[in-house]
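Multiple structures follow.
Two complexes follow with subunit A in common, the first pairing it with subunit B and the second with subunit C.
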Partner chain A sequence: MTDILNAFSHITSLLVIPGLAYASQLAFGALGVTLIFGVLRFSNFAHAEGMSLATMFCILITVWLQGASVSIAPLPTALIAMFLAIPLVALVFIGTDRALYKHFRAINAKPEVFMIVSAGIMLISNGVIRVVIGPEGQSFADGERFILTAREFREWTGLTEALVLKTSQLLSIVLALIAGGLLFWFLNRTQMGRSMRAYSDNRNLALLSGVDPNKIVWVTWILVAVLSVMGGVLFGLDKGYRPFVFQQMLLPMFAAAVVGGLGSPVGAVVGSMVVAFSELLLTFAWKKFLAYLLPTGLAPESLMQILATEYKFAISFLILVIVLLIKPTGLFGRATK
Partner chain B sequence: MSQRETPPVLLATHGLSLSFGGLKAVDGMSLSIAQGSISGLIGPNGAGKSTLFNLIAGYHQPDSGRVELEGEDITSLDPHVLFGKGLLRTFQIPREFGTLTVLENLMMVPSGQTGETFFGAWFRPGRVSAEERALREKAEDILEFLEITHVANLPASQLSGGQKKLVELGRTMMADPKIVFLDEVGAGVNRTLLYSISNAIQRLNRERGYTFCLVEHDMQFISELCDHVTCMAEGRMLAQGKATDILSNEEVIDAYLGRGKAAKGTGVQ
Partner chain C sequence: MKKPMLPLLLGTTVMLANPAMAEDIKLGVLFGFTGPIESLTPPMAGAAELATKEVNDSGLLLDGSTVVLVQADSTCIDSGAATAAAERLVTSDKVAAIVGADCSGVTTAVLNNVAVPNDILMISPSATSPALAADTDNGLFFRTAPSDARQGELLALVLIERDIKTVAVSYTNNDYGKGFADAFTAAYEEAGGTATLVSPHDDGKADYSAEVSALSVAGGEVLVVLGYADQGGFGIMQGALDSGTFDTFAGGDGMHSKILIERLGDDLNVFGTVPWSVGLGAEKFDEYAAAAGKESDSSFVRETYDATALILLAMQKAGSAENAAGSVTDVANAPGEKIYPGELAKGLQILKDGGEIDYVGASDVELIGTGESAGSYREFENRDGSFETVRMLLAE
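Let's turn to the complex of A and B:
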């Protein structure tokens, strides 16, 4: 019995909770990708850099707040900084749109052109981040690190395998649920949200039905700013902020959005789960888990890992390729007209 | 035709022209629509009726000519601006938001309410939900009127062609339009429903003062509804006047019967 409980605790602590937290962080990114694709009709290569930039603003504000001794301990100060960073990031995104994308929309440029422009913006953002905050990692997490530490858990339960829950993990999951819920409410239950969906569905008809395209564009960027700030900060709190770690998130984010069907918010959430858990399940070392459950003689020698951790990013790539080959519209996507 | 009290002109076009390559689809059309009227636009297939609607509704830019709404030049304004000015249209081949439900297809129409502004949606949720309820009721009433309540929650892509037409008509009823251009709203719709649409048009016209301009090939429909009829052929004005006069006009009958050419319209009986 204890063995089963130990196995359960082990897998919850190292697989289920980190998986849910990672899926939540990914979902923020994938929702941004899918909104931009659905409404503005292009694949935004600068999305990861946008998240990095958003996190950078948030770190600078956090440091400033910490200097002014503002604190909401035991919660991390970055949570307040987030609210202050959102308007700034939204301004940056809308500014970029007005300076660049707007022109290409006006001349009805092809999606490929937008993609290249976004790649250019990615490079520029990269440079800006390097200049402002430098390439080194930053630690901005404060407040209580753990909700449930290994020691506490062992004392309470007497199990060998501890179930650990980090504040950043719980925050990621809870905030993702709240933000996701609000986003779906906005898209489905308000007129602005419906206009956005209508615009994404049939742009010409939406214009003829009175939808103001400029309004749609700026609302989209505000939503993307909110998602980027939240996703970036939560990822940074959980894994530590290194400016260019977000570049490695670009592939999983796109994989998640594509699995779910580009343009579908529900799809982006489901896709994030698929990608996050594929990564973890395939690179998880099953040795201990099996050792607890199997009879002593059968306990495996090796780590029982299907893929080495270094191949983590290959998994997103593989998922992307498989989906594009088998069902390019993804799980919830619609056929393009 | 001199009447003592002519109602004011609501919409007028002056020498409107548009060519597609070498083809003059609309060629110098001047037309005026009186406030509060129901006028008809007829003409054989390919006469340029739909193109004229597209020009008026801002969907195409004219090569030359002007469109005026209540004396204001509205040529080449963006469609959503024209919509805001109360100028609406439906399409001959119905268009819909396929991924939205039928109800949402109506509820997407902007109405200048709190829920339509981004900040209103988040910061005044109480008011937004009250308005949502009112909006939903209005949309449901319209669906009931159009007899498509049973498909309210289906994605609009699953509707039949006739049902999609009704959804388009419903969308115009959601806004508070001054003038509505209906492009063959009756084509493909069954008789009984056609009858209630024609009733609806008359009621909206009488009770709410909407002005209508409709393209139809069904001459009975036209003659029952319209005060004033314009006939187009090959992009140009052929004749205009009172419905009864136009429908018995030699030239008009010739254009429809096509003088040896095949005529496709349900036509003049």
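Let's turn to the complex of A and C:
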């Protein structure tokens, strides 16, 4: 019995919880990517930098709040800062749109042109972040780091394998559920959300029905700002903020969005799960898990990994390639004309 | 600024046009004056000038020869450019030896393509890759910087002496990390330890939970992290601490950073090795460089002074500028009178009189293996929020 509990605790602590937290953080990014693709019709390469920029604002506000000794311990101060950062980031995104994308929409530029423009914005944001907060890592997490530490768990249960739960992991999962729920409610149940979906489905028909395109664009950027701030901050709380790490998330984020079908919000969430758990499951060392469950003589000698961890990054690529070859529209995408 | 350029330019032209006069010895200085380490190289070049000036002022080198330095750009990363620059130093400037190159990659290229074919002595102050220890240099290559392999051996020694018999190793996925990990694992297993898993991590990654879970499953008393404290090394350590699978860590020079303690807390259990200059040589060099108005505490400055001094002393010992390579180890190691920075004249005089010297220099030079500095390291440990020296690990 103890063995089964140990195996369960081991796999929850090292596989299930980190996987869910990582998937939640990816989902925020993938939802942003998919919204922009669905409504504005381009692949936003600046999305990762946008998240980094959003986190940067949030860190600056957090530091200011900490200085004014505002605290909601045991929760991190960054949670309040998040709400203050959202309007700022939304302003930045809408400003960028007014200054650049608006022009290209007016001249009906091809999606490829938008993509290149977004790459340009990525480089500019990169420079801005470098100037404002510098390229080094920042630590802005405060409050209680753990809900369940390894030591506490071992003392309570007497198991060898500890089940660890970090505040940031639980926050990521809970907030992703809340934000995802609200987003689906917004898109499916409100007039504005329906207009957005109509605009995304068939732009001309929507315009003929009297949908205001400027309003759609604005609301999209505001939603993207909310998602970017939340995703960036939760990721930063969980793994520490380093400005240029978000660039490494761009590929998994796009892979998640593509797996689910670009333009499909449900797809983005499912895709994030697929990407996060593929990375973890394929590189997970099953040795201990099997050793607990199998009879003593049969315990494996090797680590029982399917892939060594150094190939982890290739998994996103692989998923992307497989999906594009077999089902280019993704799991929940519709075929485009 | 225009006028002073003219004589300089003329001087260069004359130098290039005329074959070197009998008593002039040319020394190439091949550093990355442009490229990723361009901020480090000017102080290094300054140290080479310091040693040269000292020798020239004494007037004792090979019956009063004068040493002239010729600088060339190694770029640090472009092997083609570095080889071309070295080729020019050898064929058109006719240098007798080269101080350099700096980065490991270009040093390997220059050594194989230029130094070995032309029989030119090279002493690098800063190439640390273990790959350069391979014995294919015909005895022409030395370095005053210790190889990363040496640090791997010392770290293994530290662990064994702490009676730690099983470890898991995570290294940063580049030449430094790979070389370090290979050297460490080989030495550690030879000494009776077991590395349960030796796996790389990439810097700048978004998520390290997969790496951490593999390391935890493999297990071990200590997690050895051979990476960078502000990069993946930190991510791995944080992940391992959070999951409660490791509470003690060991690391190399890349992990020797206050960042670890600042972010992971005062009671972090971490120890390891880091190159550390102490003692008479380093102190004397600081004083001597300060008096000459040169920088002394920048990276590899001490090693550059020593590389230049070793070349010149070896020439004196060999009695000619061309066959110095065979004498480098003689002047660098015991037996003989110890020579410290600022005492090159004394060393030259002893050699001239047929005596023996043991060059100590600024970085405590002791050449081991195939001609690399043993280096001095300290074993460090976190005690109440700062890294303290446990002991110095000197060359035997």
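Simple rule for what comes next: the second predicted complex is superposed on the first by the 337 of 337 C-alpha atoms of A that agree within 3 Å, B and C clash if a C-alpha of one lies under 4 Å from a C-alpha of the other, contacts with A are read in each partner's own complex, and residues count from 1 in each chain.
Heads up, the rule we're going with is that a contact is a pair of C-beta atoms (placed from the backbone, for glycine too) under 8 Å apart; a residue touches a chain by one contact, two chains touch by 3 or more.
Computed from a prediction, not measured in an experiment: that's the story for all the values here.
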> According to the contact criterion defined above, which of subunit B and subunit C contacts more residues of subunit A?
Replying inline: C
>> Just checking: does A:197 make contact with subunit B only, subunit C only, both, or neither of them? Give me first, second, both or neither.
In response: first
> Where does A:186 make contact in the superposed view: on subunit B (first), on subunit C (second), on both, or on neither?
Replying inline: first
>> Quick check on the superposed pair: does A:305 touch subunit B, subunit C, both, or neither? Answer first, second, both or neither.
In response: second
> Which of the two partners, first being subunit B and second being subunit C, lies in contact with A:18: first, second, both, or neither?
Replying inline: second
> Now for A:144: first (subunit B), second (subunit C), both, or neither, which partner does it touch?
Replying inline: neither
> Taking the superposition as given, does A:207 touch the first partner, subunit B, the second, subunit C, both, or neither?
Replying inline: first
> Which holds for A:244: it touches subunit B only (first), subunit C only (second), both, or neither?
Replying inline: second
> Of all residues in subunit B, which touch subunit A in the complex?
Replying inline: 57, 59, 78-80, 83-84, 89, 95-100, 104-105, 107-111, 113, 115-118, 121-122, 128-129, 131-132, 135, 171, 175
> How about subunit A: which of its residues touch subunit B in the complex?
Replying inline: 186, 189-195, 197-198, 201-202, 204-213, 215, 218-219, 222, 334
> subunit C touches which residues of subunit A in the complex?
Replying inline: 13-15, 18-19, 22, 136-137, 139, 146, 149-151, 153-154, 162, 164, 166, 235, 239-240, 242, 244-246, 248-249, 252, 279-280, 283-288, 303, 305, 308-310, 312-313
> Which of the residues in subunit C end up touching subunit A in this complex?
Replying inline: 173, 197, 199-202, 204-214, 216-218, 230, 234-235, 238, 242-245, 259, 262-263
